[in-house]
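Next up is a structure, given as structure tokens.
Every chain is named by a letter (A, B, C and D) in the order it is written, and numbering of its residues begins at 1.
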Amino acid sequence: MSYAKQMLDTHPQTFELDAQLLVEAIDALQDCAQACTACADACLGEDGVADLVRCIRLDLDCADVCAATAKVMTRQTAYAPPISRALVEAARTACATCAAECEQHAGHHEHCRVCAGACRRAEQACSRLLVAMGA
Amino acid sequence: MSYAKQMLDTHPQTFELDAQLLVEAIDALQDCAQACTACADACLGEDGVADLVRCIRLDLDCADVCAATAKVMTRQTAYAPPISRALVEAARTACATCAAECEQHAGHHEHCRVCAGACRRAEQACSRLLVAMGA
Amino acid sequence: MSYAKQMLDTHPQTFELDAQLLVEAIDALQDCAQACTACADACLGEDGVADLVRCIRLDLDCADVCAATAKVMTRQTAYAPPISRALVEAARTACATCAAECEQHAGHHEHCRVCAGACRRAEQACSRLLVAMGA
Amino acid sequence: MSYAKQMLDTHPQTFELDAQLLVEAIDALQDCAQACTACADACLGEDGVADLVRCIRLDLDCADVCAATAKVMTRQTAYAPPISRALVEAARTACATCAAECEQHAGHHEHCRVCAGACRRAEQACSRLLVAMGA
């Protein structure tokens, strides 16, 4: 069981969002942040780094946005819907953009293939959360 | 001269956005992140912390969103407009929400008054950037 | 299989540290960052928030230090031992300090009990890594 | 006047550290984080990116460590000396290592020259803080 789930289960307050959707989104966002940080570094370690400049940049952006979104969505006390909605929208955009870039390198670089999968999973979790938020 | 400006002046690539607007936004977002981190801590140190729970939560959110946005907007290589637009929109929302909360405590707590000012300045810098981005 | 492991398995370069130890540390640090962010928020949502001020502060510190350490340890390209060693040492200290505080509230608050466990696991993973680093 | 200073001036609690030293360190750490984030991106935008791989990696590490250290040192409520000491030590190491790398490229790249200056200033502010902490 993930720590996101264990911690939500022990939170003193009731949530406005479905706990299962929330846990899936937080876990997927953190996995994506981890994969993107690692993919940026793996790209930097490739001989053909010059061909991976856009991929590195989008990995760094996606890692920053996903990490911030996971933190904001983890907070349940005094929940502020407009911030969450706008930020999950930004995370969905970052994940979709980074996934599309990584997919172009997936045939040559396994790290891009794995990272693209993490981005797509986070993109979908964000989409489901946005539906639940009525966005 | 801020480091955001010094570093943009020495960047090897041309920018799609006006450098002055960009510098103002990055500086304002970083100031806001700093003020919010400090305001959350100052609220936590107040005798009446129980009355400041929503303020602390929004300070933490706003700090996370502004710090991520400043990093993404600092990057000029392989610029990705949709991510920037969605994220600056999220930052504007976070700043406006946090400012409104801090303004309610500004009469009692100087740190909330200063923090509200930083949030409003960042909100306005984000608004100007969104206009320039055609959002 | 965690993304830290999947991404290390696909990295183009050889590592100076044992990959298994590294994966355990990165996973434990990220779990700890997640648990601490959630515990700070859960404490903030408790009626007795005034008694949990030190716990919230240490949770926030521990989350920041663990997240930064996980990112630095994820990078394998052009590995810089002195930075890693000093930072893992700081993470071990933050985890031990936060665990000791959360353990004092574990009888009353389940979120503190779960968080203390995550902190102790990360503390131990850091200790093992420091031994492997010859620190 | 920096926001670090304005916010410390309005904090409800007394500090264990000299406020002036603290403000200088927080400001220098944030400037360094900003310069390193921008320098990593500028290096990524250079034609000779393959020669700047170690610089990019150290810029990313230094930005992560400095940003986390600035946040921890900004918190004055329930101050925890051992965490601060270990983390400022890690930041000093990161700044010194990154400065030494950027200095090697300073003749060819203005962004590396500016970034090296920011790193040295943060390194020195950390050193002064460590003396004041009795470390």
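Here are a few things to note about the model shown:
Keep in mind that, in the parts below, a residue touches a chain if its C-beta (ideal position, glycine included) is under 8 Å from a C-beta of that chain, and two chains touch if they have at least 3 such contacts.
Keep in mind the model is a prediction, meaning the values are calculated, not measured.
Centroid analysis (C-alpha atoms only) places B farthest from subunit C.
Across the two candidate interfaces, A-D and A-C, the one carrying more C-beta contacts is A-C.
Inter-chain spacing, taken between the CA centroids of subunit A and subunit C, is 20 Å. Work out the mean CA point of subunit A and of subunit D, and you get 27 Å between them.
Touching of two or more other chains is recorded for residues 41, 44-45, 53, 57, 60, 67, 71, 75, 77-78 of subunit B. Interchain contacts join each chain to each other chain, per the touch definition above.
If you check the complex, the residues on subunit C that touch subunit D are 53-54, 57-58, 60-61, 64-65, 67-68, 71-72, 75, 77-78, 80, 82-83, 86-87, 89-90, 93-94, 97. Across the complex, subunit C meets subunit A through its residues 2-4, 6-13, 26, 30-31, 34-35, 37-39, 41-42, 44-47, 63, 67, 70-71, 74-78, 109-111, 113-115, 118.
Those residues of subunit B lying in contact with subunit C across their complex are 40-41, 44-45, 49-50, 53, 56-57, 60.
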